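Please go over the structures that come below.
Each of the next two complexes has subunit A plus one other chain: subunit B in the first, subunit C in the second.
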Partner chain A sequence: MAECDAEWELCKENIQPLRQGRTISALHQALCQQQEGNHTALNQQKQAFESELRMYDGDDPLDVWVRYIKWTKQTFPQGGKESNLSVLLERAVMLFTADKRYHNDVRYVELWIEFTEGCSDPMDVFRYMQAQGIGTMQAALYIAWSEEHEKRGNLKMADRVFQDGVKCGAEPVDKLHAFHRALQARVCRQMMSSVTDPQRDEDDDEEEPQRSSLAELKAKGKKKAVVPINRANASAGYARGLQFKQPLGPKHNTRPVIFDENKVPETVPQEPKFEIWTAPPAARAKENEQKPEKWSNVKLPMKSRSGLSVAVPPPKPSFQPFVEEDDQPPAVTPCKINPAVNSVLSARKPCRLEQTPLKMLQERQLLMQTQTQEDGKSREQSMYCRDLVYSGATEFCFEELRAERYRQKHARPADHSTN
Partner chain B sequence: MSKTLKGITLKGSAELVAEFFSFGINSILYQRGIYPAETFTRVTQYDMSLHLTTDSKLKNYLTNVITQLKEWLFDCTVQKLVVVITCLETNEVLERWQFDIECDKAAKESGAPREKSIKAIQEEIRSVIRQVTATVTFLPLLETACAFDLLIYTDKDLQVPEQWEESGPQLIDQSEEVRLRSFTTSIHKVNSMVAYKRTNSM
Partner chain C sequence: MTGANEFKLTQGPDDSISAVKFSPASPQFLLVSSWDCSVRLYDVSANSMRMKYQHLAPVLDCAFYDPTHAWSGGLDNQLKTHDLNTDQDTIVGTHDAPIRCVEYCPEVNVMVTGSWDMSVRLWDPRTPCNAGTFTQPEKVYTLSVAGDRLIVGTAGRRVLVWDLRNMGYVQQRRESSLKYQTRCIRAFPNKQGYVLSSIEGRVAVEYLDPSLEVQKKKYAFKCHRLKENGIEQVFPVNAISFHSVHNTFATGGSDGFVNIWDPFNKKRLCQFHRYPTSIASLAFSVDGSLLAIASSYMQEQGDVSHPADAVFIRQVTDAETKPKST
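Here is the complex of A and B:
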């Protein structure tokens, strides 16, 4: 016991704190299993969840997802790619976007909120949720949204979101009000401290994203030119010399778009208007949240693969990032990166947590749009149970499905043995 | 210096343990965000950086408690010290830090110093406080404003001093309990434990 006790302490840096805490027994088990390298039990449980996802025929399919995700969070304390959590969340969230009965289900809304945490810009997701009517009756949405505004120092919007929530009659009201009271208290305290300590205000200003942070990373190793996009808050105040301030090269394999002076650049208002979002904006839209600033060094995100075939107009009025002509890097690495390195970079992209989920969602929505537009004229049709094979977080093969059905048939008199 | 070589007396032990509680409670209050982080200042103790409150009322309160505790430690009449963290609005107990104190009453009678260097004791204390800090890895986030309360369990026959009052144990129903490290001065032994509310929701 004493040995296991120390286990969590030894691994404390590798345990992601959860909002709702962890059960210590699950933590012990997970850590001990990892140390022993005993993955069979884990895999079995995972497999059980996966097959349950596919075989479930009750009237609450979300339940399986919720349990699966909860299990994943407790079982993979360090999170990360291995846990597959981001994929799970993304799948779960996307699966039920069209399912009206879940739109104001607390569990579903909480999944969404958790999903936003992995996105580079939660704001867009929140707006998307609002447009779709997901969670508009849930206090949790407004609280998370408001918190996000608060985090960015936009207290007015934080308050506005709260008012919206009250207006919509989000439940539970008292939780919303309690949050608002806490928010007010925080704002008061902040104001008090900023009066007594004006130095702090300046510090806050410096937390604005600074692109130079990208360069700082790059300077350390040329081979590892992959830089996560929202580095901003990770390293505020790392302004480096100008020579580092060039784009990081073909991260997205697109040609830089030259700025057209005659076009008026679309300045984005600080307070977002609530338009109807047909699809959530691309992950890069993050920039729009911030004050207008320099647009050099910005590149268009790579066209999605599915979007290539059809010329679908982007769901949001897109703008062209401004790249100054003379801002081209003189003769430094980015231009010289050879295609081999390029492909390595692009191959790693899907692992990037903050970018893929939203993009995938958007892709899907785009696809659905084209479907309605073309009405299945030239669409692929799969002649196998595609949705069953791919519906979980991992792929199933036909044999697994068949085995599952076989097992189910034989275990019918007895209840589900898997769970 | 010569004192450390000789070992530890009851009085010294009581002082060490009381000091531990002073730093320990401050650490908990800081770590769990019971009081705003701005109201804490850093000090170096036990070879690590710890947070001490600068809030005068809180400081006063803690000094009072610790002084009283020291007395009881010296008398070997204290059994437990509990830091209870409750939700300010609903008064629901959310977290409970329990420190069981075992006093070696023989030391009171004999009065002879024990063989254990301060260094060794402080080393143990350090690891306890480290672990207290590390508990954030599994403790749930305290989402509401919280208050704290200190409970001290003493021997039954003890007179309750002024400014103190009797209280219930303030247990958490459906709690998850985690035993933390313990330390001993060879006269007082302190076992620590944290209990927190088990949440079934996501």
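Here is the complex of A and C:
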């Protein structure tokens, strides 16, 4: 066991956090098994779950899924592909979409919420759930949904979601109210701190990792009068508002910059420079060493006219600013927020997920509908028990299914004889 | 139903048939493994059962090592060898899960077993003892030997090619070119490639040589499908067997049909009559004169009542098995 303790220490950073925590014994066991490279026990357990999924004939099929998923989370602390967790969640969630009795089952709703955590478009999933009536009576849905809104800085919506929840009569009400109050408290605190003492803005900024660094730069610049005063003023206004976190940051910031440029005919050749300036926001987040140089370059010609320009924002359209193709990337960069939400390591997976989960679900439903409608026409029909072969995280062959039936059949007589 | 060129084996197994294999020496002897926990040896020319031995659980596959030794494995996880002269059993070893396939590789003189424990094990048939365990990425569903190469088909549609002379690494990792579960893989007698069949009425012909030119030649086709009331019923293709002389092959599906294909001209050479139920296993005799056809329901549509299981022995002619163009 001592070795295992050491093992745990060594693996800490690879262990995915779970909302409900981990049982330390399960963690020890999982890590020990991995250390020994002994996968047979694991595989056997997994196989047992897989066959239970297929052979279950009670009246609560969800139960097996819930236990399997729980086991998977405990047994593969690193998460990752081999755990098949995302596949399992997806399958479980989709399997019971048509099963009305589970729609407001806490366990099922929890699975859905967990499923959204792996999605790049949790909002769509929540909306889908609402439309399908899944979890609409469960406080958990509204809490998760609201948190998602809050994460994106959309506090109004976060609040409204709670109101919806209360309106729908979601249970338990106490929990819903508690979370709602907590949200309101957070909002108030934020408002107070930003309104009452703007001086502390800078501290707040440091506390909030999601804060767009571009705005921060300007706010600071203003106070230290490094950057032209008027222009900075405008952006500082944005910065003090509630919604720093909004990924719109760059847009706001680019506006005053471009427009200043336009005012000065002689600086037209410098347009591209601005695009270059806006292009690498990623670097900005890390270091601002390089910017001051450019700022200084830009500043000189503008100073004389900056006073005028502030009063005349509309002129922007009069000049067609040079927009590079990679104008989009800057708009996407705020998705720095997204990885934090996603918590997926590989860069490839999210894009896959983006395409798959919800859309696939909807497509599948559509397909099923059309299939049932057009069944009479010209569909293919698989002449084997496809559901059984392809449910769960791994496929089964006929022989495996039959072996399971054989085992069940022969386990029972053996029990009788021993009794 | 059985014509002059075909007969049904008497004293057949009491339960479903999992595999049929002809002796490597003569077309006279046939091994049949079954879900009734036994392996039987038949004298085909006399249409009689010569011998029978038991496992603790259903047997999923069997193979000849030489004309006098049978090897078999199944749900009891045990690999057994049986001396057909002395009628004596030896347990050679075990897997951690049921053994799905047993094959012999004459080039390297080694027995190969594949199991749902996600491993392939090699066995020295002379001692006999374990000669190595090789982890596969998934449960092994089928395997075939092409010269000194081993082609392993696993769950998750993976195909792995190993070099039996150097099992230190996987020679090729492939993905099945078919969309659905791999049912069976059999290597060409000329060792250049293999044929892979899937659970959804398709067969792929693939080549081992990874060069682009050769890979261009690979193809797949639909088969074992029946149109009924406008619905296309798609059946699993469970069995493949190669004609050792002509390099043509037979496929058997859950539709109860057996087709013989000419892979070079991409033509079907013939289709036999419909057998009572699913074709679970096929085997050409070593000289290519006989085809053993195991017609046996595999519970692919659940545990329901079905026609009796039987092994048919069919005499095949050159007209049925020889490529037309030559």
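Here is the rule we use: the second predicted complex is superposed on the first by the 244 of 419 C-alpha atoms of A that agree within 3 Å, B and C clash if a C-alpha of one lies under 4 Å from a C-alpha of the other, contacts with A are read in each partner's own complex, and residues count from 1 in each chain.
The rule is simple: a contact is a pair of C-beta atoms (placed from the backbone, for glycine too) under 8 Å apart; a residue touches a chain by one contact, two chains touch by 3 or more.
Everything quoted here is computed from the prediction, not taken from an experiment.
**Q** Just checking: does A:A411 make contact with subunit B only, subunit C only, both, or neither of them? Give me first, second, both or neither.
**A** Neither: A:A411 stays clear of subunit B and subunit C.
**Q** Mind working out whether A:V173 is in touch with subunit B, subunit C, both or neither, as first, second, both or neither?
**A** It touches nothing on subunit B or subunit C.
**Q** Have a look at where A:C32 lands relative to subunit B and subunit C in the superposition and call it first, second, both or neither.
**A** neither
**Q** So, A:A98: does it touch subunit B (first), subunit C (second), both, or neither?
**A** After superposition on chain A, A:A98 lies in contact with neither partner.
**Q** Figure out whether A:M191 sits in contact with subunit B (first) or subunit C (second), or with both, or with neither.
**A** A:M191: touches no partner chain.
**Q** So, does A:I15 touch the first partner subunit B, the second partner subunit C, both, or neither?
**A** In the superposition, A:I15 touches subunit B alone.
**Q** Counting only touches as set out at the top, which of subunit B and subunit C does A:I69 meet: first, second, both, neither?
**A** First partner only.
**Q** Please output the residues of subunit A touching subunit C within their complex, sorted ascending.
**A** 39-40, 43-44, 47, 375-385, 389, 394-403, 405-407
**Q** Enumerate the contact residues on subunit A facing subunit B in the complex.
**A** Residue list for subunit A touching subunit B: 5, 8-9, 12, 15, 17-24, 27, 66, 69-70, 77, 107, 110-111, 114, 178, 182, 185, 189, 193.
**Q** In the complex of these two chains, what residues of subunit B are touching subunit A?
**A** 36, 38, 89, 130-131, 134, 136-141, 143-145, 176-179, 181, 196-199, 201-202
**Q** Can you list the subunit C residues touching subunit A in their complex?
**A** On the subunit C side, the touching residues are 16, 18, 35, 57-58, 60, 75, 96-98, 100, 116-118, 138-139, 141, 155-156, 181, 183, 199-200, 230-236, 254-255, 298-303.
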